[in-house]
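Provided herewith is a single structure, encoded as structure tokens, for subsequent inquiry.
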Amino acid sequence: SETETGGESAGTETESSSDTTEEETAEVKDVKLVLNWFAKAQHGGVYAAQENGLFEENGLNLTIEPGGPQVSSINMVASGNAEFGLAHADQIVVARNQGIELVAVATAMQGSPQAFMFHKGHGIEDFEDLNGRKVYIQPGITYWEYLKTQYDLSGVEELAYTGQHVNFIPDEDAVTQAFLTSEPYFMELEGVEVETKLIADAGYDPYNVVLYVTKDYLEENEETVRAFTKAFVEGWNLYEDSYEEINKIIQQDNPDIEIESLKFEAESQADFVYGMDAAENGVGYMTEERWATLIQQLNDLKLLDEVFDANEIFANDYLPE
Amino acid sequence: MTVKTVPTNAELVNESSKLKVMKGKQKFNLKYLGPILALVIFLSLWQFIPALLDIKPFILPKPTDVVAAAVKDWHLLWPAMQITIFESVIGFILSAVVGIGISVLLASSRVLEISLYPYAVILQTIPIVAIAPIIVIWFGSGFNSIVIISFLIGFFPIVSNTLMGLNSVDKNMGDLFKLYNASKWQTMVKLRIPAAMPFIMSGLKVSCTLAIIGSITGEYIAGIGGGKGGLGYAITVAAVQLKTPYLFACAIAGALFGIVFYLIVSLVSRLVLKSWHESAMEAEK
Amino acid sequence: MVNEKEVVLFQGVDKVYNTGTVALSQLNLSIKEGEFISFLGPSGCGKSTALRMVAGLGEATRGTVEVFGKNPKAVIETSNDVAFVFQDANLLPWRTVLDNVLLPLELRGSDKKSRKETAISVLEKVGLKDHIKSYPRELSGGMRMRVSIARALAAKPKLLLMDEPFAALDEMTRQTLQMDLLNIWEREKMTVLFVTHNVYEAVYLSSRIAVMSARPGRLSNLIDVDLTYPRERTTAKFTEYVDAASQSLEHSMGRKELV
Amino acid sequence: MTVKTVPTNAELVNESSKLKVMKGKQKFNLKYLGPILALVIFLSLWQFIPALLDIKPFILPKPTDVVAAAVKDWHLLWPAMQITIFESVIGFILSAVVGIGISVLLASSRVLEISLYPYAVILQTIPIVAIAPIIVIWFGSGFNSIVIISFLIGFFPIVSNTLMGLNSVDKNMGDLFKLYNASKWQTMVKLRIPAAMPFIMSGLKVSCTLAIIGSITGEYIAGIGGGKGGLGYAITVAAVQLKTPYLFACAIAGALFGIVFYLIVSLVSRLVLKSWHESAMEAEK
Amino acid sequence: MVNEKEVVLFQGVDKVYNTGTVALSQLNLSIKEGEFISFLGPSGCGKSTALRMVAGLGEATRGTVEVFGKNPKAVIETSNDVAFVFQDANLLPWRTVLDNVLLPLELRGSDKKSRKETAISVLEKVGLKDHIKSYPRELSGGMRMRVSIARALAAKPKLLLMDEPFAALDEMTRQTLQMDLLNIWEREKMTVLFVTHNVYEAVYLSSRIAVMSARPGRLSNLIDVDLTYPRERTTAKFTEYVDAASQSLEHSMGRKELV
């Protein structure tokens, strides 16, 4: 029912899209965004936009709902419990194969900060060096499937990643999955020296923290999506310089996280957010080529039944100029 | 003084035995009709409500979707089930043996009980997710840790029930044992344990189903080690890949195994209690 | 007895338990309204079994048992006319004495105030007025049995079944209760089936005595006691009946030994 | 005929009452000494073994580390505990009410029991992680879902125990109710439920501790929604940040709450059973 | 009695239960080795309470109880000399008749083969040889009580406590068991404390009769029965004792009414 009412109001919006300032201020729309984790610097843009009133300016009344270890934002968006979600690009592609038609409208990160983490001096040159070592990896995670098709990893002792590193730390030879933007910092804090190797080095580099909606929602609420995306991107731009203040807001939603760790995350993710393609095309920008590559890769992994056109799954059209 | 003798009315007897046969049939019908009807209703609701409300299979798959997924990926599902079954059974046996053992120990001394029982409660209430890494450090990743987690979850219901049972012995029977100078151990073996049997059995029933939850959760939090993954692993993978129908197939496989496990334990319970306890006794009139 | 309505009828009743024990064999007996019939017989001859059948709590393996011309099960399911003093007190441990006695009245849904009065008055009769707030475990064996008797009397049944109700009581209490019971029986015109091992008691109370033998339980003798109430225990006629009953009982047990 | 009368020996009495006082004191000592000793031993082992083996605090923190972390982050820990407590209590109350209600329903009809009981077992054995998405979709992320998960975990032990209890009524008492033409409902309320009380109470004890596990796990799998996070959230975030001492503080807070919750339920259980059941009765001699 | 060793001694014993009930008040009684003493008294006068104290299962509120010169608790904790036939059968429901009787022998750890022989022989004595494989719930009330008696006899105690053991039995079984009991008592030289409501039984069995009164339970009379065993129930002397005991009992109960 939520989608229906959304659809009606969207209809009126598209008709009078030329001069809508009056209507937009008159009619504030309630929308919900599900994060892909508890609030972090990854979501800095959202909080910056919220804090600076960008959503309100665009006629949106936003509720932010944090995710969690087992919370699937895709399920919540697909079922209509939320309008917007954040997820990684490969999750969005896989979802489509299950009949969940989503459209990515902006990405927070231009690449994937997903990496392997090693004890210092125990790093790897090549992914095949993982053989013979313990690797803590989340069961089913797609990049691991990808690596297994690219390299012979039959000698790896695969262990489940559980969100803790207590088993990794004492074992010099162990390898664990990690986010470049967070785990290494905590290791340093505890005096554990580590190195990292980006998964992207293997050629698997999906966009991370991607803003998406369902295809149906998009078709009926183009203006809302446009407004949201605008606020999202502008929020990221504001975050670049004001992250120290915004982090305090983030911490209100995730009080257990240390402000220093948010700072580290914000600084180490800057290149992913503002660098690469974003340097040229602005924050949130995506390319057809990257999406097509990802689709092809996932198809090769048999995670897709068939290859489809990348344009069906992403759109730069809603990004602000 | 009068003795009245009425000959056995053969017809009457015949009729009554006919009645009994009919009654037996009706009982049979009810006994099987009920569950079958319930199943049919349940499955049709599940099949048609999503269809009617247009709920997508990735949110709530219909039974047919689930069956299709199970058939398609049977070669993955079956081995996963076997692993989970194995882990759960071992975990359950561990919780039964250790649980009953510890209860007997605690019940044998009031001091021990009040000193150590809190730790049994802690074992139950401490969030296993939090201590999983320590379990892994001690027992290694994979099978051992999974079994330990399954054990930890199933352990407390047995302890709680067994202790309750051991402490609720009929006072007069206790007096009997006191009088005959029974040792603590004799009282335990010959009086308290038999008297606690109904409680113990109820604990075992709860705990056998928890053992499954335990081993599935265990695979989540303790990893699968070097070995093959069970249902927990399969569920994680299915969740990551958003294969909801297969995820449901895994969940239902777990649930079905749970029911079978439960039935087996119930059967054993009936056999054990048969000789004396009301709940297991066919009332004879 | 003036009234000739049949209250209980055993017709060729056999009872074989699952275990193979033949508890009753070919029991034929008709009990008329207003009778006070006592069952005498060796331990294990099926007296309790017979009473349970009348109460609808057991089924005959063969033959029929009828109460008020109907199936006993139907009787207890449709009326509150039967009360039973079980061989053991059978009290609910979580209820006080008073609440135990109130139970049949509660179940019947009678008026709250009057039921309490009834209960207290029967408890007074059995000498437990001072213990109405006690729990069963705080009572002596004889006191528990008296609560059970009070519970049955409070139900004001048309058919009263009593399985060795006075066995755990001292002679004096016993005699008081015997007198009370006879008074109630005469006043309420109920029918009483009474199991006892005490021949004096049987003769003192009953209009008829059914003597049973064991292995398998059979009716071996029926003795009509033609004495007016209230009876004197010291008359020659009384002693005669006692001797007759005793002999009949001994005879029935002797026969058992032969089988 | 002889009546021997020996006057009360006042001294003797005095002595025996002195003895009783001493005995009382000894009992007191044992009652408190045991647990205290156990606690001291447990804590010292935990304190010194990591120190001896040079295990770092972020792998196995010592009690002092844990206490320090708890004190330092008390402003985070306390609100998290409050939330978890609230969720667990609501979840527990739900499972108690629904569990006992359903058991009574099932026990009132054999057909219902065999038709529906399997679904109660399914509710227990179905891996909650697998159906979490559906729970979240139906009940929303956060509080509601967490309570539902807590309820689902605590529900079955109550059903299993209550059913066992309702079905193990003394046959003679059952006969009594039959004889007095008690309705099904009367038999349930006045006989079966009181008789099942010890079983029900044992089920409640198990389930109150499970409710905590449920609400902590619930935050993992259903998120915290719009609300503030409880211990499950705190544990997750602490794990990522390698704040192992704080993680332990959270886990222990959960366990302590579990013990307190358990003690409260036990107390209620004692009060309820007091008037008649052996396990709760101080044997009087 | 030749032997003058004291087996049981009550010295100024009071028993007040938690509930405030005064079950015994100033009980003074010394029982010598080899005595057969019966307790007669109204229901609820404290007979079972007194027996439980002797068995070490209850504590006196005031005064002392000694058995074999020691604290009763110490006695049961160090020896197997005391056996108790409780007022209700108190059988373990999960054990067969045979296993119930074997229990005290098992607990004592006696030889496996001989204990089975002993058990079967006492079961034969109480007329239950055919039921040794039955479970308690498959027995009649009287049969259960007989199992309980067999269990106590199988233990071959020096001090035997019996709380209305024969109340649920028919006269004939009762007389047989009375004779058996007397035989065993004479052969084994045990001391027996016996509670009964049957004055004939008390006179037939006992060397001494303790008559008690109620509210609070007190010893009101001690009657030495100077008759040789085996006794004849029909002699004048016997009847004299019965009358004396009955009167004493009535008197004691009358006194109660006045209080």
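Going in written order, the chains are labelled A, B, C, D and E, and every chain counts its residues from 1.
As a working rule, contacts are C-beta pairs under 8 Å (C-beta built on N, C-alpha and C of every residue); 3 or more make two chains touch, one makes a residue touch a chain.
Here the structure is a predicted model, which means the values were calculated and not measured.
Enquirer: Determine how many degrees of rotation, between 0 and 180 and to the nearest 5, align the Cα atoms of chain C with the equivalent atoms in chain E.
Expert: Value: 180 degrees, nearest 5.
Enquirer: Kindly indicate the chain pair that has more C-beta pairs in contact than all others.
Expert: Ranked by contacting C-beta pairs, first place goes to B-D.
Enquirer: Would you kindly tell me how far, in whole Å, the mean C-alpha position of chain B lies from that of chain A?
Expert: 42
Enquirer: List the centre-to-centre spacing of chain B and chain C in whole Å, with centres computed as mean CA coordinates.
Expert: 46
Enquirer: Report, in whole Å, the distance between the mean C-alpha point of chain B and the mean C-alpha point of chain E.
Expert: Taking the mean C-alpha position of each chain, the two centres sit 48 Å apart.
Enquirer: On chain A, where are the residues touching two or more other chains?
Expert: 70, 72, 75, 79, 162, 164, 166, 170
Enquirer: Could you check chain C for residues that touch two or more other chains and list them?
Expert: Residues 17, 52, 57, 88, 137 of chain C each touch two or more of the other chains.
Enquirer: Please list all residues of chain B that touch 2 or more other chains.
Expert: In chain B, 59, 129, 133-134, 137, 171, 220, 239, 244, 277 touch at least two other chains.
Enquirer: So in the complex, the part of chain B that touches chain D is made up of which residues?
Expert: 30-31, 34-35, 37-38, 42, 59-60, 110-112, 114-116, 118-119, 121-122, 124-131, 133-134, 137, 153, 156-157, 160-161, 164, 167-171, 174, 198-199, 201-203, 205-206, 209-210, 212-213, 216-217, 220, 231-232, 235, 239, 244, 247-248, 250-252, 254-255, 257-259, 261-262, 277-279, 281, 283
Enquirer: Considering the complex alone, what residue numbers of chain A touch chain D?
Expert: On the chain A side, the touching residues are 34, 38, 63-72, 75-76, 79, 81, 162-166, 169-170, 182-183, 186-187, 189-190, 254-258, 261.
Enquirer: Name, in rising order, each residue of chain D that touches chain A in their complex.
Expert: Touching chain A from chain D are residues 56, 58-59, 73, 76, 79-80, 129, 132-133, 136-137, 140-142, 219-226, 228-229, 233-234, 236-242, 244.
Enquirer: Across the complex, what residues on chain A touch chain B?
Expert: Going through chain A, the ones touching chain B are 70, 72, 74-75, 78-79, 91, 94-95, 97-100, 134, 136, 138-142, 157-162, 164, 166-167, 170, 303.
Enquirer: Considering only the defined contacts, which chain C positions touch chain D in the complex?
Expert: For chain C paired with chain D, touching residues are 52, 55-57, 76-80, 82-84, 86, 88, 90, 92-94, 103-104, 106-108, 135, 137, 155.
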